[in-house]
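Before anything else, here's the structure in question.
Each chain carries a letter (A, B, C, D, E and F) given by its place in the written order, and its residues are counted from 1.
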Amino acid sequence: MSGVDLLTFGEVLVSLRSTGPLHLGGPLTMHMVGAESNVAVGLSRLGHRAALAGRVSDDELGEFVLRELRAEGVDTDGVRRDPDRPAGLMFLERRTADLTRVVYRRAGSAGSALDVDDLRGPLAAGPRLVHLTGITPALSDSARAAVTWAAREAASAGTTVSLDVNYRTRLWSREAARAALTPLAGYASVVVASADELDLVAEPGADEDTAVAGLLRRGVHTVLVKLGADGARAHTRDGVVHAAAVPVTAVDTVGAGDAFTAGYLSGHLDGLDLADRLQRAVALGAFAVAAHGDWEGLPRRDELSLITGSVAGTTLR
Amino acid sequence: MSGVDLLTFGEVLVSLRSTGPLHLGGPLTMHMVGAESNVAVGLSRLGHRAALAGRVSDDELGEFVLRELRAEGVDTDGVRRDPDRPAGLMFLERRTADLTRVVYRRAGSAGSALDVDDLRGPLAAGPRLVHLTGITPALSDSARAAVTWAAREAASAGTTVSLDVNYRTRLWSREAARAALTPLAGYASVVVASADELDLVAEPGADEDTAVAGLLRRGVHTVLVKLGADGARAHTRDGVVHAAAVPVTAVDTVGAGDAFTAGYLSGHLDGLDLADRLQRAVALGAFAVAAHGDWEGLPRRDELSLITGSVAGTTLR
Amino acid sequence: MSGVDLLTFGEVLVSLRSTGPLHLGGPLTMHMVGAESNVAVGLSRLGHRAALAGRVSDDELGEFVLRELRAEGVDTDGVRRDPDRPAGLMFLERRTADLTRVVYRRAGSAGSALDVDDLRGPLAAGPRLVHLTGITPALSDSARAAVTWAAREAASAGTTVSLDVNYRTRLWSREAARAALTPLAGYASVVVASADELDLVAEPGADEDTAVAGLLRRGVHTVLVKLGADGARAHTRDGVVHAAAVPVTAVDTVGAGDAFTAGYLSGHLDGLDLADRLQRAVALGAFAVAAHGDWEGLPRRDELSLITGSVAGTTLR
Amino acid sequence: MSGVDLLTFGEVLVSLRSTGPLHLGGPLTMHMVGAESNVAVGLSRLGHRAALAGRVSDDELGEFVLRELRAEGVDTDGVRRDPDRPAGLMFLERRTADLTRVVYRRAGSAGSALDVDDLRGPLAAGPRLVHLTGITPALSDSARAAVTWAAREAASAGTTVSLDVNYRTRLWSREAARAALTPLAGYASVVVASADELDLVAEPGADEDTAVAGLLRRGVHTVLVKLGADGARAHTRDGVVHAAAVPVTAVDTVGAGDAFTAGYLSGHLDGLDLADRLQRAVALGAFAVAAHGDWEGLPRRDELSLITGSVAGTTLR
Amino acid sequence: MSGVDLLTFGEVLVSLRSTGPLHLGGPLTMHMVGAESNVAVGLSRLGHRAALAGRVSDDELGEFVLRELRAEGVDTDGVRRDPDRPAGLMFLERRTADLTRVVYRRAGSAGSALDVDDLRGPLAAGPRLVHLTGITPALSDSARAAVTWAAREAASAGTTVSLDVNYRTRLWSREAARAALTPLAGYASVVVASADELDLVAEPGADEDTAVAGLLRRGVHTVLVKLGADGARAHTRDGVVHAAAVPVTAVDTVGAGDAFTAGYLSGHLDGLDLADRLQRAVALGAFAVAAHGDWEGLPRRDELSLITGSVAGTTLR
Amino acid sequence: MSGVDLLTFGEVLVSLRSTGPLHLGGPLTMHMVGAESNVAVGLSRLGHRAALAGRVSDDELGEFVLRELRAEGVDTDGVRRDPDRPAGLMFLERRTADLTRVVYRRAGSAGSALDVDDLRGPLAAGPRLVHLTGITPALSDSARAAVTWAAREAASAGTTVSLDVNYRTRLWSREAARAALTPLAGYASVVVASADELDLVAEPGADEDTAVAGLLRRGVHTVLVKLGADGARAHTRDGVVHAAAVPVTAVDTVGAGDAFTAGYLSGHLDGLDLADRLQRAVALGAFAVAAHGDWEGLPRRDELSLITGSVAGTTLR
């Protein structure tokens, strides 16, 4: 795993998608999904060396996940087969044209059993970036300990840490999330959140300005606020940059946030300035929503020009 | 549920079938499966009133199971939605042309949480037959207690009890199975087993004659031994009747044993003599193996003549 | 069939759907469809006891229809197999993105042979509501006689009768429809119609106000006027209530009217006031158009909150 | 239609195929089928000019049939659109691995309304061969009159007439068939039948030798007896030739008889001797059973060498 | 091929369509495509006799193309099988919701080897119209020579010649195209182009008015300018007529230009005046974009009324 | 690519499979296929480090091939994108149940342009085994030169070289193949051939014993003769070992030879003795034929026990 650009870790689920109401039966298609794997795929497709660490089940479903990760060029040396725990699953149905609904089967899964030992090797290999999400600490005590350990180790080794808040209602309460994620944010130089997630790494109820100010004070270098159809804002000590969402026909919005993050981190690895990072971020978000699947539509580097974002001038702070 | 001919109870799983190797992904089809539901469907299609009791998850997968049971005319008044437990799942892949392989996800499922209270109402309605399998007692302590309670209650009420041994290696050891099933067999008037399952309701290592003799001594009226492609034998105090398997092109052997049992019990409900019951049993087994799916190929009453079994004369004991 | 909330009767067709031009061949999918069965399914999914009476063919296609009705929990005790007549069919192709086209094969079908005797038993069981549509009387003389008989019997027994005008150009002329439906409306306490159907239960050419006034005069309690994308109006002696259509992404508008009616009747059975009935009606219409199929997208009771309608204040008459 | 090698006429049905039990729903595929169209396709693929006359419905289903005939190069100038009658349909399900079952919807169809006027033009064009089957006269009085008229006209014009007995139990009784087909056979120079159909063009109960002798006496030149897996026998005044069936893996036996006939008639048109005609006949039968569909697997001329039949020496009479 | 209304010639490709990203694999569907065959199908469906000349490969793919052309009633007597060259292919993927992408495999194909001799017979049969596109001359030297020869021959025989500029970036440069197409336009009485293609039959950089003026001066009777969603303009010596695009839901815009041309030429063959030709042209364009596939959605004559275009009054020149 | 166990090189094609006659159209599925990639996948699945070198097209089809190779864990560092040449394709149709037919589109493909420079790096990395096939030298002059160079280099470096004769009729004559392959065999320590290929690495017409004797004399250590359903023979200086084919239900025999070779080479890498290597070879052959696809059914190491071969005792020479 030497020479890795990005290391991320977390649970990769097997998603079983139905095109109609699930209770009517009908065919399901299998997909590898996960906020962290989405980011890893996004970077790998752009030519960066991305590695994923974590656990998958030691059965055909775990094999499926590994096969997909390898297919996408993601380094899987840090993925461990857990002989005792099953694959995390989710059933995804399109309930109405406007409403997608999920049935989870991830409690006690292999992916949720991540612990510190799973991360020692991958982290020791010295990645340039370590990317965390707020999902992994919600999975189990050992997973939370592992994420915290890795964030601290990476930060103290001078590795850039990014954190996507990614709050999941079904996994824990806002209070529990805040308690776990606020300290994590302290290790991060990049924090990504949607507007309503910002107070999970700040005081309860804090508004965007207050939350951002607090994060910058604690040493975060860049705070990215995802605004969906309104694009995104990047806050640094120098001020605020806004990027509009790229207008495309949206067919599947799942995975857009992860694509955005992957675009930003790719720009970071390429040494782009903030405006160009943001531009790549919104472009990747557009690729994600314009294709079916969480990551299937993400671009290779030679495809980046197919969709281009634009960024307004910086507002001085 | 009044006027029910057959009551059975146990777990109904959602089976997700792949036509190729599972680790390659590809479409999955959804099916309701379960030894007990297979028997219930078999009887319902033949015009008997069959009821299933048990628990299904309170989500879209549980709804799917209920929908399929209702479609097949199985009485679901005794099926309870469990708000706290997930659906039992199995992934079924055809690994090679000759080898089907299963990944189970049923531990802690709604179906496994069956308890005595779930069965009180259905049993009180006074079914003519109560059908048990050796799978349900393997699911949990409460399920084992429920089955034992129901067997005893039914027997003491003079209701005919049938037991299909149905040993499942992945759920428990032969020793644990023997310990649970041997007492159950004492309540049964019909016991169904494959040749290598017979000693699970007898002494360890007992051969067919010894095992059968013991069962008949304990009050079992008929012992049915399933012989696969060799048909089946029925033992009673009067002797042994053998039925050849009906020669059909087999495309899917799963569910053949349940179909056999359904055919026998249907003959019992219709008041047929032993040879005719057995003939119907092997005919239903043939329907099952000649079609894809566990129960999808079972006949309606007007279709019974499409495949007919034959039975050799009784050998006097 | 005791304890039935709603009884309805009519023809259930087998619809064969093509996703492309029918003359190019290609796969067809099978669906149970029918204005009356759509209403029955709508009520059953919401937890009401709905029963359908009528005839289906005594072959695999009739079996398919029965299987689907049972799957949806609709009471089929009053469905009779007709040994002499075939299943009613329709081929449905999407000719262009905006145009769906139908080829009917229903003349002389089992469903069209409905007669008074088919309805005696179901009606004697004492349903709370009897729902009629203007389709059934167009199918045959015996069907028209049966509907008229049932309307009169139900009305004289004090059972609430609802009538959806549901004019079908291909089955009869406006004159013939008016001659048959106007007397039927006299037995109804609820009449449902689109704006251009209103004069089929009034004088030829009557406008909405005139037609409604006439119906109210003849004893109809509520007249519901379906306005498509503009929602619906409910007229009573107290005035007019308007409900806007719920804004959802429409993918298939077929069945929206039946869903609307089912929502209204469900509210009636639940004892809701007029505004709340109307709100449920437009919500069900929204569920119907937001999913593929005539009834497949209809909600269960626990799903009602996914889409909520709104109703403007009553205009006093 | 000038220069046509073979003219045949009859009903072309739209077959809707299900791969599983029909009552479970599931996708259906559309196919053009018909004994006469199968023969026409078989000859067209081998490079002969084949024409079909008859009626199809004036809707999308009739259009589908025309499109398939044209795709196969069959001359459709003699196919008339009937504005008043629907397409003939059949539903075909594979009930078990060994049993295919059909639901017909052809009564009153466009195809069954064939009359003498439909055939005047096509026959006047002077085809080299006119092929009749015993199905068309069973469809209606006018169709029977048309077939008889055409057989007589063709025979009196010196055109070779072939007749495939093709008895269909569901359409008429053996007695009715015999009454209609026996006179027809008198116009034929080639009669094709399976062994159990021979007495439909002879005295009731006549055995093969008797029936053949009678036909030869009445002027028939060649009597072909199809023996399924045992191949076929050709009787002429010179004796009997037997051809073994070509051993191939059979996946769908429907259409094999029509393929056999097409092969024989192709050999006739090519001026082959009897043994070579028979060899081509059994080869085409083998192509038909080795592929799915009634005619889809039939060979082009350059494919004839892929499967070759063999014929035993002639037995002198 | 006598009595042909329209003769066109060029390459018919086999298009392999993927619904998702091509590099992920997944099923492909096969389609016959080609600007010239699209026009021929459009005219054939409207009841005109359309013939296509050209070469297809002498393998199963060439057979597929022939089968589709025949199915659509296009005269294929002038299609020659090339024993030495493969079928032209294209892979078409929907990269994003808004972006369709093509991988071509047509270099050295059978279709590109068209030469003068291939066209002698078809042209000698005396079609009423000869339709050329700017694609064929880009395929090879011999194809360019063949098109030029045919244009000249047809023009000198007084046959109406139409030319659709149809510039393909991947096949040749604008300069090469202009050099080949400008002389061709001199033989045409109808020239069809999109706005940005006009200067390929004029001086480089010429604007619409200049280009049109030049063409009219050179003897072109009508210049049709396709404006996509803005409809089309027809220039003649009498002035300009504009037709708005018909507002339909567009699901697949490929083939719209060919449909437009087919509509115009159909109107020409029917002797309609300019406004009515244009109206039919935009109507056919609407049919094309409202259905999937390049030509699959084109109307039969009885379907023309389903979508109707409108044309503004003529602006006098 | 350091630490590679097996290096192989050659063309990987995109196979487009139709389940029915190709000329009827219908869906195609995409598969990566190639004799060398099949061997590489076979070894990778068993846990060996396998690398493939060669060229793929620089488009979506080349991306597909790379994605599949990576998914299977094959090292693709030595795979080069060729910007100027297209992907090699093959269309594969099942013409009859017994006959699979192929249309190739590989002339001038990226894969055929392999040259010496493509192999320098991969070979320099020092693989333990180098595997060659007789297909690659048939693709082009540069490919033949590359294979010869690599064989000589590997042999002189003391690396084990294996050669599978793999004669392809469509690519070259037996004479040309013999001229190229006979010298190659001189570098190999393992030669694999079917019985009728043996004289392509010997004198024309040589029988098995003569050919084997010659090869052993020239330094080949082991000659493996594939006998299809009769298993295989391994000749060494010590004598002959025969292994029976493992009896399984064969559904697709393509790829069986490559699987056999992969099994043998895996045994070689594991240090097994000859009998055990051969046993693994026939077991892998059985896995290949028992599943659809060329390599899809190959086993992982933990699956090897699912099918086990057996080997007869050695016959002393």
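As a working rule, contacts are C-beta pairs under 8 Å (C-beta built on N, C-alpha and C of every residue); 3 or more make two chains touch, one makes a residue touch a chain.
Just so we're clear, the structure is a prediction, and the values are computed from it rather than from any experiment.
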Output for shared partners of chain B and chain F reads A, D
Determine how many degrees of rotation, between 0 and 180 and to the nearest 5, align the Cα atoms of chain B with the equivalent atoms in chain D.
-> 120
Consider the two chain pairs D-E and A-B; indicate the one with the greater count of contacting C-beta pairs.
-> A-B
Where the centres are mean C-alpha positions, what is the separation of chain B from chain C, in Å?
-> 41
Just how far, in Å, is the C-alpha centre of chain F from the one of chain D?
-> 48
Of all residues in chain C, which are in touch with two or more distinct other chains?
-> 21, 24, 63, 67-68
Would you mind giving me the full set of chain pairs in touch?
-> A-B, A-C, A-E, A-F, B-C, B-D, B-F, C-D, C-E, D-E, D-F, E-F
Provide the residue numbers of chain A that touch chain E in the complex, in ascending order.
-> 248-251, 287, 290-293, 296-297, 303, 306-307
Chain F contact footprint on chain B (complex, rising order) | 20-21, 24, 95-99
Partner chain C, residues of chain D touching it in the complex | 16, 21-31, 59-61, 63-64, 67-68, 86, 89, 91, 93, 101, 103, 105
Interfacial residue positions of chain B with respect to chain C in the complex | 63, 67-68, 70-73, 300
